[in-house]
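Starting off with a structure, shown below.
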Amino acid sequence: MKIEGEYLFDGPREVVWEIVRDPDILATALPGTQSLEKISENEYQGEMQVRIGPVGGLFSGRVVISDEIPPESLTMTVEGKGKPGFVKGTGFIKLSPAENSKTQMQYQGDLEVGGRLASVGQRMMDSVSKSLLKQGLDSLNQALLARVSSAESGEVVDYEAPSEAQFAASVAKDMASDALASRKVWWIGAAVVLLIIILVIVILSQG
Amino acid sequence: MKKYIGERIKRNEDPRLLTGQALFVDDVDLPGMLYAAFLRSDYAHARLISIDVSEALQRPGVVAVYTAEIMGDEWQPGPANVSPPPTVENITFHSRTQLPLAKGKVRHVGEPIAVVVAESRYIAEDALEDILIEFEPLEVVADIEKALDPEAPLVHDDLDSNLAAYMVQDKGDYQAAKTKADVIIKRRIEIDRGAAAAMENRGIVANWEARSQHLTVWDTTQAPIPIRNGVASRLGLNQTQVRVIAPYIGGGFGPKMMMHYPEEIMIPWLSVKLGRPVKWIEDRRENFFGTTQERSQVHDAEILLSNEGKILGISHKFLHDSGAYDPYGLTIPLNTESHAAGAYDVPNYHSELTVVFTNKMYTSPIRGAGRPQGIFLVERLLDIAARELGIDPLEIRLRNLIPPEAFPYDREIIDQAFALLTFDSGNYKPAIEMAAEKIGYEQFIKEEGPRLRAEGHTVGIGIIPFVETTGVGPYEGARVNIEPSGKVTVATGVGTQGQGHFTSFAQIVAEQLGVPVSDIDLVTGDSADFHWGTGTFASRGAVVAGNAIHASASIVRGKVLKLASKLLNAPEEELELEDGFVRVADLPRLSISLGDLAAEANPLRGAVEPGTEPGLEATAYFGPKSGATAFGVHAMIIEVDQETLMVEIKRYVVVEDCGTVLNPLILDGQVHGGVAMGIGNSYYEQLIFDENAQLLNASFADYLIPTACEIPNIEVAHFVTPSPLNPLGTKGAGEAGAIPVPALFAQALENAFADVGLEILEMPLSPNRLFELLQEKVSQP
Amino acid sequence: MSDHYQLSITVNDTQYQREVDPRLLLSDFLRHELGLTGTHIGCEHGVCGACTVLYDGLPIRSCLMFAVQADGHHILTVESLGNPENLHVIQQAFWDAHGLQCGFCTPGILMTLVPFLENNPHPDEDQIRHAISGNLCRCTGYQHIVDAVKLAAEYMHS
Amino acid sequence: MKPPPFEYIKPSSIDEALVHLAEHGYDAKPLAGGQSLIPMMNFRLAQPAVLVDLNNIPELSFIRRDEQGGLSIGAMTRHYMVEHDLLVAERAPLVSEAMPHIATTQIRSRGTFGGSIAHADPSAELVAISVALDGRFQLRGQAGTREIDARDFFLGMFTTQVEPEELLVEIALPPMPPRTGWALKEISRRPHDFALVGVAALVTLNGRDQIEAARIVLFSVGDGPVIAEKAGDLLQDQPATQDLFRAAAEIAGTEDVDPSSDIHASSAYRRQLVKVLTRQALETALDRARESVN
C-alpha cells in the first residue's frame, strides 16, 4: 500500500526538526506503550497494546532511521508484528523551507501488510491511512505552534495523558503534545501511527 | 415398456437433505474425538528460521503439536494427483507436489506450518496463537509475467527458474497460413483468479482402530477411491485397511477432487499417531488460503481470417499460473488449448503453453477448468474480427462452425487426458438458430435494440456457442444387485456433491429392470461398498459411471430374463419387466416379482449350476476410448446503467446439447448453477492479490458471490445429439453452464457500448473496472 | 476467565439444561452439544446464511450469537419442520420443484422462508429473491429455489 | 474461526452495566446486537477480556414520541422493530426508508439501532441519517448523563465520543421542519453489501416553493459521515430546478468529498457515484417536500 502526501507546518524547519528528542516522554505519552527502548543510535524498538474500537492486540514495532540529512530528510524503515498479522514499511520524509517561515513536508511511504490484517481489512485501508496521517500531522503542527508560542511566552506546555478513545481519535496529537522530544522518537510515533492505521483497517472489513 | 430415462423425476436424496438428516462430514461425531487446527503462513514467501511450540504444548486441553521437523522421517511430499504428462515432443514438466507441513520455507500465504490437536477446536485455535515463529521474509513471485525474469526469486530453490511446464501443439502450418491471410488480429487477453467457494468448506474425520488395524476416513472429496489409495500409500497401509467415505458433500466444483491436500494426509496420520479419532473442519478463512483456485492466464493471441470472415488459423502463446505447486499437472492449460478454437473448423492452430510457479495457492480445475479461458479467447477474437470485417457477430460464427458431416472431427492435438482430441458428434447450426430464435436476435438487432437506445436505454445483446470436452476416462465401475425384498441396490465409486446421482443413476437401472426409481438405493463414494473408480469431475459422472451402471444393469436384466423364462416356462423374448415384476407379455397373470426371483436365484438347497453365479447381481466397468464433446449456446440481453455501470440481465437463454438427457429437471438445475457461477466469474468474483501475493478479499464480505438478486431467470432448451461413444449416448453437462458466460458478458457489453467502441480483453470485470475502461475510451477515443 | 454458565434453552419445543463456555457459538452449541446437525456452518462471519435458525420466531445467524445469550429463549431449527416421511409444505415444495442440489445451504433457506411466507402469503418473484438474498447458494443459480417458494405459497393456500 | 475466551457479564439494568464498565474500563466491551463485534471475534481480530451483554436490559429498548413531534429510540431497540414501527414511519420516514438497506433480514433481527451508531462504521446508513436528521445522543456514565449532537459525535473511523465507562442509551430524532422531503439513495454490489456510496438528503421548501434549506449527508466516502456543505449552500434559497440539482451534485462529487479507493471502487468512481446519487436523492426529496401536506 502506497502512502503519499504533503503537509505545511506553521513553523521554521529547524524547529520542526528540533521539536523531537526524548523517547522516555513518548513512552508515557502513548497510551498502551509497554516498552520503548533505543537499541542503537538509529534503531528503536517498542511494544504497545493497541486498541481501536473493538479491535486490539499487542504489537511490537521496530523503527530504523537511515540516510538522514538534518534538518532536511530521512528514511525510516518500520516493522510491526502482532497476532493479527504484520506490517513492513519504508517511508521517506523531506522537509523544505516555505514562505513566511513555514515548512513544507513531503512524505512517501510503501507499506506491506500481511496476515488477517491484509485479508479482511481492505474496505477502507486508504481512507483510514489518509485521515490518521492527517490527524497525526495536524497534531504535530499544534505541538509545533505550542512550542513556538511557549518559546516566546516562556510558558511550559503541560501534558495531560489522554484517554485511549481520544488517543485513537487523534493519535499523534497526544504524542506531539509533549513528545516535544527526540527526532527519532517522532518517527517512532509515526511508526506507531502506521501500526495503528493498520489495526484500524482491520475493523473496517467487518459490518 | 415404461420409460425412466429422460423423465423429470424428483430426487431420491431430497427428503433427508431437506430435513437436516443427511450426513455431512462435520456431522460425524465419535467418542474421544480430538480437533485439529493448522497454523498457516502470513507470508507468501519466507524462510522458516525457528518454530517454538513449547508454550502451545503447555496449554490445558492441547494433546499434541506437530511441525515438519517433529514429524521427522514420516514427513514426505504429497503424491501427484494426476499422472504426469507423457514425454511427447518439446514438453518440459517439473513436478513439485504439496507438502503436509511446510519445511525450510513457506511458498504461499496460508501454507500450513504446524498443526495443533486439542480437546476442542476452540482450544486448538487458542494454542495456534501460542506458537512463535521466526520468519525471514523473501522476495515474492506475485506476477506471472515477471515469474520468468532471470532475476526473479525462485519458488523452488532446486529449480533454475520458475518454469513449471512448457509445451507446444500444432495443427496444420500456421506460419504458412499467415502469409495468405487477408486479416490478422492480435490481442493480449487476461483472465484472473477466482474461488470455487462451495458452501461447505473442506473437512476430514479420521478414525484409526488399533484393535482391527483399520482406518476409516470421512472426507469432503469428489474422488474417494484415489484418496483412499493415496492415504494408504502415504501411511504404509494396505488399501484394504483404509475405508474412505465421501458422505453428502456440500458442493464440489473441482477443488474437492483427488487433491491429497496437506490436511487430507495429516488428519489420518494424526489419528494413527494418537490412536484417537481426529476431526478437522476447514473454516471460510482457510478455504480462501488453503483450497485450490483457478483461471489466472495471460494469452498473446492471434487470429487469421479471409475477407469473407473464414478463420484460417488461430495462434496463442500463454502463461498459466500454477501457484506454489503443480500437483494437478497440465489439466487446466490443456483444456484451454482444447477449447481455444471453440466450435469452429480451424485448419491451422498453434499453441504454446508455459506454466509458471508463483507464491500463491496452487491451482486445480474449477467448474469449467481452463475451458472458459479458451472460449473467451476465440470468441473475443471473433467479435473483434466481425467488427473489422463488418460482419454480424452471429453470422461470422455460422460461417465457421464445424459442419455436421465433419464428425468425428479431429483437432489433431492432445487433450487433458493426453488422448487425441476428437469431437465425437454434433450438429451446431440448428442449436444456434434455436437460441437466436428464442432470444429474438434478429428482432433485437434490427428493431428493439435501436428503439430502446433511442429511448435512452443502454442495452446490449450477445450470443455465444461453445463446446465442452466431457466424460474422460479412465473408467468407472458399478455393482447392481436385486435384493429378496425386491429393492435394487447399486454401488459405484464416484462421489456425489449434489448432482442428483442417487436419482439419475437409479433411472438408468430402472430403465433396464422396470423397478420404480424410489425402490433403487444407490451407494456412492464409500470405498467399502465399491473400491474401484476415479471420481466425479470433468463432467464425467453421467457419462462414465452412468454407462458402467447401465452395463451392470443390463447383465442383471439378462440374468432375470434367463431365470424367469425357466420358472415361467416362457421364452425370454415374451417376457417384460415392469413395476418390479417379470410378466409374460400376453399372459399378465403369469408373473413373478423380482424379489422372489432374487430368492430363487440364491437357493438354500440344491446346487448352483456350474458356470452360473448365485443371486441377481452383476459388476461391470466402462472406460470410454475418448471423451464425448457436448455443445451449447448462451444468449443474453443486458441493460447497463450508463451512470453507475450496474448491469441488469434482462433475458438469458441457454440451448444445451449434452446428448441423451437422463433427467431434464436435474440437468436444468446443473445449467442454472453453472450460469450463476459464470456470472460471478464475469462481473462479481475476483481474488485480488497485492504485489506481495497477499490475498486482499478473503471473506464473503469482500469476495462477492452472486445472490438471488443478481442472477436472472434462465430459459433452458435442449437439443439432442447422442454420443456414439457410449451405449446411453450421454455427454457431460456439469460444467457447461459456466464456460461461455465471460465471453457472452464481454460481447453483450461491447454491443451495449458500441457507440464508444468499447473493447474488452479481460475478465472478470466489475462496475468499477468498466468505469475505468470507459474513461480510457473517453480520454483517448 | 471463561467459567461455564448454566444455560436453560428451548430448542424445537424441547427444554435443555447445559453448562456452556460463554464463548461457545450458538451454531456450535446446536450442532455439537445437542447433535442438531441440520443447521450448517458456511462462513462464521454472518454472510452466507447457512446457519440461519429462528430465535423467538425471528430468523438469525446462529454463528453471530453466543449460546449463553439464548438462555431462556426459544430456538427452532430445520429439524422442527418435518421428517422424511412427513415433510413440511415448504420442504415438500422444495422437493417437487428441485429447489436444492447439494442441500448444504437448504436448511438456512428454509428457516428464512418460514417467517417470510407467514408474513407474505402471496410473494412476487422480486420479493422472493430479496427474501433469500441473505442466503448464498452455489449450486442452483436460485431459479428452482424461487420456483419452490412460489409453489410453497400455493400449497399453503390450498 | 472460533472466538477467544472472555468473561461474560449479564447485567439487568443500565446502572448495573455501568458498574461493570467502570470496573473493567478498556478490558470490557459492551455487547449489543453483536452483528459486527462477533464476526470480529470469530476472526480473532477483537479479543475483549470482558463482554457486558446489554441484551437483558429492557429499559434500553423502546420507541417513544416526544412533545416536539419527534421521537426517541432506545439504544438496544432492534433494527426489525424500527423497520416495522408506524411511529418511526410517521415521524422519521428517512429512518424507515433506510432500514431495508441495513444488511440482511437475519442481521436486522438481532442488530440494534444504538449498536450500529456506536460502532460508527463510515458505511452505516444510520450514522449518516442521524446526522442528516440532527439527532441527539444521550450518553450515560456513573458520573451522569451527557447529550451530544450527532454531527459532533463521530470522531473518525469507528471512533466516537463514548468513553469506555459510558453507554449510548438513547437517540433523539427531532421532527423534520414543515414542507421537508427526504431521500436515501445508495449503490451496493449486492443487496446486503456495504454501500459503495450512499446519500441521505433532506430538502425543505419555503412558501415561495424555493429551497429554504437542503441537507446532504454522504456515507462510504471517508472515515465518517460527510456533510456536503458546499452543495447545500448552493441550493440555499434557490428555486429548485433540474440544472440546480445537477450543479449541486457536481459540487458534492468534486468539492465536498475526497473519497478513498479500495478493492471495490476507485476514488474517481466514487466521485461519479456521489454525483449520480446526490442528484437522484435531491429530486426524490423535492418531490416528497412538495407532496408533504404540512
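As written, the chain order gives the labels A, B, C and D, with residue 1 at the start of each chain.
Rule of thumb we're sticking to: contacts are C-beta pairs under 8 Å (C-beta built on N, C-alpha and C of every residue); 3 or more make two chains touch, one makes a residue touch a chain.
The structure displayed is predicted, hence computed values, not measured ones.
Seen from the C-alpha centroid of subunit B, the farthest chain centroid is that of A.
No other pair of chains has as many C-beta pairs in contact as B-C. Distance between subunit A and subunit B, defined via averaged C-alpha coordinates, is recorded as 50 Å. Inter-chain centre distance (subunit B to subunit D, centres taken as mean C-alpha positions): 44 Å. Centroids of subunit A and subunit D (each the mean of its C-alpha atoms) stand 30 Å apart. The set of subunit D residues that touch two or more partner chains comprises 1-5, 35, 39, 43-44, 103, 190-192, 194, 263-264. Under the contact definition stated at the top, the residues of subunit B that touch 2 or more other chains are 122, 129, 283-285, 688, 696-697, 699, 701-702, 707, 709. In subunit A, the residues touching two or more other chains are 83, 116, 120, 122-123, 206-207. Remark: subunit D residues 26, 29, 35-37, 39-40, 43-48, 103, 119-123, 155-164, 194, 222-223, 258-264, 267 touch subunit A in the complex. Per the touch definition, subunit B reaches subunit A in the complex via residues 42-44, 109, 129, 137, 285, 288-289, 688, 690, 692, 694-699, 701-702.
Subunit C contributes residues 21, 23-24, 31-32, 35-45, 47-48, 50, 77-79, 81-85, 87, 91, 94-96, 98, 100-107, 110, 125, 128-130, 132-146 to its touches with subunit B in the complex. By the touch criterion stated above, subunit B contacts subunit C in their complex at residues 10-11, 13-22, 24, 26-27, 29, 122, 197-201, 248-253, 283-284, 497-500, 665-666, 668-677, 699-701, 705, 707-709, 711, 713-714, 737.
Residues of subunit A that touch subunit D in their complex: 51-57, 83-84, 116, 120, 122-128, 130-132, 135, 163-165, 168-170, 200, 202-204, 206-207.
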